[in-house]
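To start, the structure under review is shown below, and the notes come after it.
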Amino acid sequence: MEELDFYKAVPQFSRLRRDVLYEDVWKQPELGPRDRSLVTCAILGALGKNAELEAHMKKAIANGVTPDELRGLVVQLAFYGGWPCGVNSAKAGLEIFQSGGPAETA
Amino acid sequence: MEELDFYKAVPQFSRLRRDVLYEDVWKQPELGPRDRSLVTCAILGALGKNAELEAHMKKAIANGVTPDELRGLVVQLAFYGGWPCGVNSAKAGLEIFQSGGPAETA
Amino acid sequence: MEELDFYKAVPQFSRLRRDVLYEDVWKQPELGPRDRSLVTCAILGALGKNAELEAHMKKAIANGVTPDELRGLVVQLAFYGGWPCGVNSAKAGLEIFQSGGPAETA
Amino acid sequence: MEELDFYKAVPQFSRLRRDVLYEDVWKQPELGPRDRSLVTCAILGALGKNAELEAHMKKAIANGVTPDELRGLVVQLAFYGGWPCGVNSAKAGLEIFQSGGPAETA
Amino acid sequence: MEELDFYKAVPQFSRLRRDVLYEDVWKQPELGPRDRSLVTCAILGALGKNAELEAHMKKAIANGVTPDELRGLVVQLAFYGGWPCGVNSAKAGLEIFQSGGPAETA
Amino acid sequence: MEELDFYKAVPQFSRLRRDVLYEDVWKQPELGPRDRSLVTCAILGALGKNAELEAHMKKAIANGVTPDELRGLVVQLAFYGGWPCGVNSAKAGLEIFQSGGPAETA
């Protein structure tokens, strides 16, 4: 896990990220990595954290979420978080959606 | 689907709920009902919509999400949406958690 | 304008409410009272401030907004602020909607 | 209505935008286009959706909202949504405000 | 520290509260307890977490924040988080403000 | 105090900033400038107003808040406002943190 500049600048934050967020929370068995990623994308999309959402969408794909499932998330965000949440999550996933994910019904 | 008073009072809203939200969005194939429910709970928890979250947690159980998965959601909400989101989602799911869901690791 | 307990308890806040919010902001000519009320209800609904929304919906009616216009606001909030914003604004306006406002198309 | 890349990438979202958001919601009679635009700008400004707000402010002008009314919205957003909402909505409308709208009292 | 029902119901959340939030975060030396409490109240007030704010205002008093400083926080929240944040934080602190805190200028 | 373009474009907003926000609110005695700055950074960080946060962090330093105290704020924001609030406040303070503030424990 890379150590980004802004984490280095706040050592307590960096330590908690490494030891608590990634070594504890993300490894808890109640939710597997695929579901935890899906849920995290939903939270970030609802809160409008677009840069973090883009990063976690890629992580979600790595954890087994499909591009079509992220498309479904976009629509659910649009309706439950408001249209701009749909817009911003569609933008955050654009690279994923355009790089050959399976076609969607519509 | 029951027709609640506040929906009856705003006919366009009621119609869109019936024809679009439940007949279209929730039936789209990109996300199955279980995942859509999980994602919806994540969105509602992140936005602090506690009453809606409580209702959708029950729907999530009906759609196949387990109590332990909702416990995992609580922790993920606490870290990505802020501690009070964890608190409020734990409260929203209290009845589910206390009524005999499988024990959790900890 | 009544002096509520929690305003009395914070005199600077009470003074600013009286001298700035109501004597200055609400009287600025750029937006008339009807439009200012409509806009205020939209802001409060988007932010999920349900108690304040209920009070300002009544003020909006007094300032010339119609019940049907508030119904339109409910739908717009549901789509741009997310479905729970629609739900909560419909609840906040329920008394207005049920007490004889003109029928709505649907 | 142009079909933006991120809408193309999520066909269900694009379809709902066209058939529901613009063909249904925006055409409902409870709120006319001018009021619906004003309300939408208020919602977007309150939620800090700055890019969407900038686009909808231009649409609001096209729908008959005046630059001065948008100035009034900026102030109302600053007080009911918090000062940064005023700042960001003033920035979103800067081009409109600078391109010859009628002078404002102050 | 009491073990509330909803924490008991989600053991991982309870464990993280005890071992990380209170044993680690709150004891970090960068911010002393008084400042940490003041900052926590500001965050909770901005996010509209009223029940948590009420509890943390009491903790803030115990940590050395004065009632008048909380009055100042109310005004700052009203201006930077929006008027309803001021209203709700004034309500959350009402018991503190009424029980004999030092008089405020105004 | 410089007069920014977007303030000039909305004279009422500019006037209120000068006469109310800076000449009244910021000078109220309940909270001194150091505490008021700390609280304002907490509010802005919780609301995700990153550009405003960056500016107010610099003002906070000028008002006597130390870089280490801002580091403590970053962690508190991460836990009470959600991890992305920590990330964005760490980014907003990066220049301050890198330009020679006292080393932090960790």
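Labels for the chains are A, B, C, D, E and F, by order of writing; each one numbers its residues from 1.
The rule is short, and it goes like this: contacts are C-beta pairs under 8 Å (C-beta built on N, C-alpha and C of every residue); 3 or more make two chains touch, one makes a residue touch a chain.
Source: prediction; values computed, not measured.
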Checklist entry - Can you tell me the least number of steps between chain B and chain E, where a step is a move to a chain it touches? => result 1
Next on the checklist: Under the document's definition of touching, what chains do chain C and chain D have as common neighbours?
Outcome noted: A, B, E, F
Checklist outcome for this item: Rounded to the nearest Å, the gap separating the Cα centres of chain A and chain C is 35
Item to check | Distance between chain centroids, defined by C-alpha means - chain B, chain D (Å) | outcome: 30
Checklist outcome for this item: Touching two or more other chains in chain E are residues 12, 16, 21, 25, 28, 30, 43-44, 47-48, 71-72, 75, 79-84, 104-105
Checklist entry - Which bits of chain C are touching chain B when the two form their complex? => result 48, 71-72, 74-75, 78, 82-84, 86-88, 90-91, 93-94, 97-98, 104-106
Item to check | chain E residues touching chain A - in the complex, by the definition given at the top | outcome: 12, 16, 20, 24-25, 28, 30
Checklist outcome for this item: Per the touch rule above, chain E residues touching chain B in the complex are 5-7, 9-16, 21, 43-44, 47-49, 52
Item to check | Touch list for chain E against partner chain D, complex | outcome: 79-85
Checklist entry - Where on chain C does chain D make contact in their complex? => result 21, 25, 28-31, 35-36, 38-40, 42-47, 68-69, 71-73, 75-77, 79-81, 104-105
